[in-house]
Amino acid sequence: MYSFRNDYSEGAHPRVLQALIDTNLEQTCGYGLDPRCQTAADLIRRLCRAPDADIHFLVGGTQANLVTVDALLQSYEAVIAASTGHVSVHETGAIEATGHKVCTVDTPDGKLTPALVESVLAGHNGSEHMVSPRLVYVSDTTEIGTIYTKAELTALRCCCDAHGLYLFLDGARLGSALTAEGNGLSLPDLAALTDVFYLGGTKNGALFGEALVINGAVPRSHFRWHMKQRGAILAKGRLLGLQFQALLTDGLYFELARHANQLALRLRDGIAALGYPFPVESSTNQQFPVLPNSVVEHLEAKGYAFEIDRPVDDSHTCIRLVTSWATPEAAVEAFLKDLASCQ
Amino acid sequence: MYSFRNDYSEGAHPRVLQALIDTNLEQTCGYGLDPRCQTAADLIRRLCRAPDADIHFLVGGTQANLVTVDALLQSYEAVIAASTGHVSVHETGAIEATGHKVCTVDTPDGKLTPALVESVLAGHNGSEHMVSPRLVYVSDTTEIGTIYTKAELTALRCCCDAHGLYLFLDGARLGSALTAEGNGLSLPDLAALTDVFYLGGTKNGALFGEALVINGAVPRSHFRWHMKQRGAILAKGRLLGLQFQALLTDGLYFELARHANQLALRLRDGIAALGYPFPVESSTNQQFPVLPNSVVEHLEAKGYAFEIDRPVDDSHTCIRLVTSWATPEAAVEAFLKDLASCQ
Amino acid sequence: MYSFRNDYSEGAHPRVLQALIDTNLEQTCGYGLDPRCQTAADLIRRLCRAPDADIHFLVGGTQANLVTVDALLQSYEAVIAASTGHVSVHETGAIEATGHKVCTVDTPDGKLTPALVESVLAGHNGSEHMVSPRLVYVSDTTEIGTIYTKAELTALRCCCDAHGLYLFLDGARLGSALTAEGNGLSLPDLAALTDVFYLGGTKNGALFGEALVINGAVPRSHFRWHMKQRGAILAKGRLLGLQFQALLTDGLYFELARHANQLALRLRDGIAALGYPFPVESSTNQQFPVLPNSVVEHLEAKGYAFEIDRPVDDSHTCIRLVTSWATPEAAVEAFLKDLASCQ
Amino acid sequence: MYSFRNDYSEGAHPRVLQALIDTNLEQTCGYGLDPRCQTAADLIRRLCRAPDADIHFLVGGTQANLVTVDALLQSYEAVIAASTGHVSVHETGAIEATGHKVCTVDTPDGKLTPALVESVLAGHNGSEHMVSPRLVYVSDTTEIGTIYTKAELTALRCCCDAHGLYLFLDGARLGSALTAEGNGLSLPDLAALTDVFYLGGTKNGALFGEALVINGAVPRSHFRWHMKQRGAILAKGRLLGLQFQALLTDGLYFELARHANQLALRLRDGIAALGYPFPVESSTNQQFPVLPNSVVEHLEAKGYAFEIDRPVDDSHTCIRLVTSWATPEAAVEAFLKDLASCQ
């Protein structure tokens, strides 16, 4: 009946679609140099209180990750990431395909800490026989739905400064993070604390698109060359600027994320009330309950779609439920009712 | 007043937009494995009379080119291309960034011939000290608006067969080629004669998208791995399938291209009638007239936008005029009238 | 007074040098296609009882590793290695620089097992969103001096067969492994059990050189293209063939390795007799004792050179002592005497 | 009876060999950080009057080329080279395998000029849609035996300065160039005029080795990281320093090159005296006479070995004759006598 499989199952928010319709025959130059992209970039700079930031619009997250890493790093420099990090496992070696090693470290909650970063550095002796870890990659929300507090991100920034590292934050689900229970981070904080981060559009109301914000002291001047070389400049770049313009007008971006989070918490609370555990606490739009296998099968038989995160033991499975800007409240309530009926 | 700068200045044809609107809340799985992509792929296989073809949808041309070359070639294998080829000059070394050399050869009309291909092969001795040219890259229409006849493409195919080469046709402007005066090629011809080609959507009525058709005896099984590694799988892949479904229904794709060509020929004939020469004959949607510099400036002052192809001599410039599915007849007529008034 | 820092501190065994002198003015063709290389290759094929093996001579280990991995793997395929593996940590991302991910797994003794290999595979779901682990990289001796038994290598081979993986054995210190206490492997075993392995010359009596043996069902036909592309074909390739010819005549290769091992065991036994522990048991030419820091400083002050493996606690350090074909017995005895005097 | 095929057919000059023998059991640290390499580097800095130059020793030319290009260029930057340049045709795409495009230009005599360099620049518009040509690659001697005059190299330097380009000179046959008739360049000139160049050892008396001199304002600090990543740091680096120490003591390097050149001129004059033409004038150790096919066959039947450069017409072939430090005068005289007897 309903798919909780991910937050990119549907198209775009109606206001985003309407912007495409309204401007369809506007003639602009291509490749993201048009007035729409400039307007959206200005909007983002203002929201980030980062007047000197460079803004680039890319179509998707893997693209944004591989272009950024390749643009910032020299051949012998490497990435530090959580072993659950998207660049570590879910991008088919996209970073390595640009020539860079990803040094991973295990973390229970998907988040990096100064201690974890320093444990990676400690394994590298600074000689020419080893890569030089140079860029710390984090995601907010993380791959398992957790978020960084302001204190945590500030500590990472200090750690990066102390060791001459860049800090890059993958914001594919940034809307969900910034509107979550317990979040203390704002866009200006992100612009101040990271060297590069992005506002994910694909998973929060756009048809597609990630808005990259470069506000740190990193190589910037030829970023568009790196983009083009990787096939990451959209011909009708206007489409990206336009969508972000729509999303960032009147707070739509945050409103949509808040909606997704609220329904996720409704799911969390409803499931917890039925006695099912959550190995990791998430206040964002991904929830990972552990259910008996029979219940999982029952839900699937009812027509619900979701991802299997992993088997927990012989009779239990951790599943992933994802809500989005498009999830109807009724779908959540129906799911909870059906889940209750499994008991 | 009007931009003839390129064929991606506007959005999408209304029927394409409508398809996006109508299906906006359909939930599908991501990454191009959804029913819309399957339907569009089936449609393309039928139009190509190629039931065994693999169809992949990519966002843009540079992406399609770099992924295809990298997927087909081993590290030591190289591309043969015209020195005007898009992969040679206009993609910031995207092919080389995947590790492959592009061996170029000069050609007066933008087209490769068996003799030109063999001249490249003759410069390679088959030893381990040189790359092995393995893939012939052509574009139809070419970068200068010319098209391949069926005889020409058949001759290239024979040449490729004789030398164990792959034939890859960049169809960013394929609609314009297939509907041009003098064209003898059909989609089934292309599927039969090339190993890989694509139907360009970006420049012919879609918001974005290229539909890649792999019908030759090339490595196919892991094409999606190559796509993902290069950031070339769109999360909401459905958007690509849907647009091609709309374009390929009731011949819309060809109708749009025919419109662009007709207006280009109107431009060509009108300009020629005023006595201005065209160094290369084009029957497609790009026209390259040579105008006095004073006329060029006059047109620019009138508000017309177009690309400068190159200075021809101290007082003449070759410009590029591009029409598209969205070009209004009135814009063409106004341009010709303004041009006439320059004399 | 004496350096136990590594096994490449000196030049070549006199018989190797003599071969260079004797043939100095022989004219041969270049790039390893000469009669000396052919003779050495034939010798290796006979010693390996592998008449169909391809033999290639390379200058060094990092070169051999990166060329082999790149020649065997497709872009989306990855290496499985111990987290202590040379390719994982000591080659400045050389594998990643060819575009391939190295998937690492912790192992207490430097060795991979089927269970460890399968734990890596279990983290990959076979989809296009993840790399495909395809090649298992092991070293014999390992980076910490341990060796594979025949049963262990056979089990790895079965595991590789079961999962369609290649098995590649880095033999930079293969001589030491094959002549060690407890070794049950022979060259024919290695040729039969691995897809590719090499006999290290650099660390066992040659000036430089590694002899690569490709005996498995792997892509072979263009290996020399991969070598050339990576700058790994020596102009005077003859020098490599000649050195291996000298080393493999009358068992010199094994005699030299046996010498290194015997002195290493003398060190081990002498150090153990003084009561110092060895965290990992090694029967080969690298020994890793743990000594009080004051003893370490005393030895350094005496003029002994060796590498610091790692601090163990505030007052103890694990050091690495390496012997070679060139280590004189007297140096070992002097070291032990000086060590005894520290107590 | 004698091979004029190349200048790396034999081993090393006796004084080089003797240095290896004399120091065979010296213990040094590895990877080129030893006193021998330091001594040789100091010697080179003095000979070049370049006290601030960085000196690196590499095993071969392809390695030196690919490491240098990759170390100096950013991903989107490209090489400018003659279409006959070694990096363009004879290195199996080694440069492209590091991700960089080689932009080629035809030149009748193997040499680049400011006009040719600027013709390449003129084809690049400085936008993000094209690579940025950044490094000019030249060889001295060139691949066809010609040499740069001081005026020519100075003009190239000015051109590079005017356009912000690096100048890299491949000196695989630099000895031959510097000791040729008509040469006006010295090592200090090379150090002053280029950013990076190398003194080839492989083709001038060493077993192997190229000494790279970095004296320009180029990225230098992590050159050894780039070397290691490409497998281009020799474990027993001492062997490289030692050989260059021997070659650069008492002018041996120049003496050997002079010998090769003298015998080449003897060949040239003797062949010309027999009436055979030379399409390109060379005063260095490669000579390219055009001979009747019957004469070529006769010489081959007599046992002479040489490379076929290319067929000139149905009955004539251009061959390449190469002399070296090891070529005996008697071999040259015998060749000329046998050639005369063909008439």
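Every chain is named by a letter (A, B, C and D) in the order it is written, and numbering of its residues begins at 1.
Quick note on the criterion: a residue touches a chain if its C-beta (ideal position, glycine included) is under 8 Å from a C-beta of that chain, and two chains touch if they have at least 3 such contacts.
Keep in mind the model is a prediction, meaning the values are calculated, not measured.
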Taking each chain's centre as the mean of its CA atoms, which one is farthest from the centre of chain C?
B
Whole-Å gap separating chain A and chain D, where each centre is the average of the chain's CA atoms
51
Per the C-alpha centroid definition, the whole-Å distance linking chain B and chain D comes out as 42
Could you check chain B for residues that touch two or more other chains and list them?
75-76, 91-93, 97, 99, 128-129, 225, 228-229, 233
Graph shape for the chains shown, where an edge means the two chains touch. Line, ring, star, complete, or other?
complete
Touch list for chain A against partner chain D, complex:
31, 70-71, 74-76, 99, 128-129, 132, 222, 224-229, 233
Write out the stretch or stretches of chain B touching chain D in their complex.
75-76, 78, 89-93, 96-97, 99-102, 123, 128-131
Partner chain C, residues of chain D touching it in the complex
2-3, 5-6, 8-12, 14, 17, 20-21, 23-30, 59-67, 91-94, 97, 202-203, 207-208, 225, 228-236, 239, 305, 326
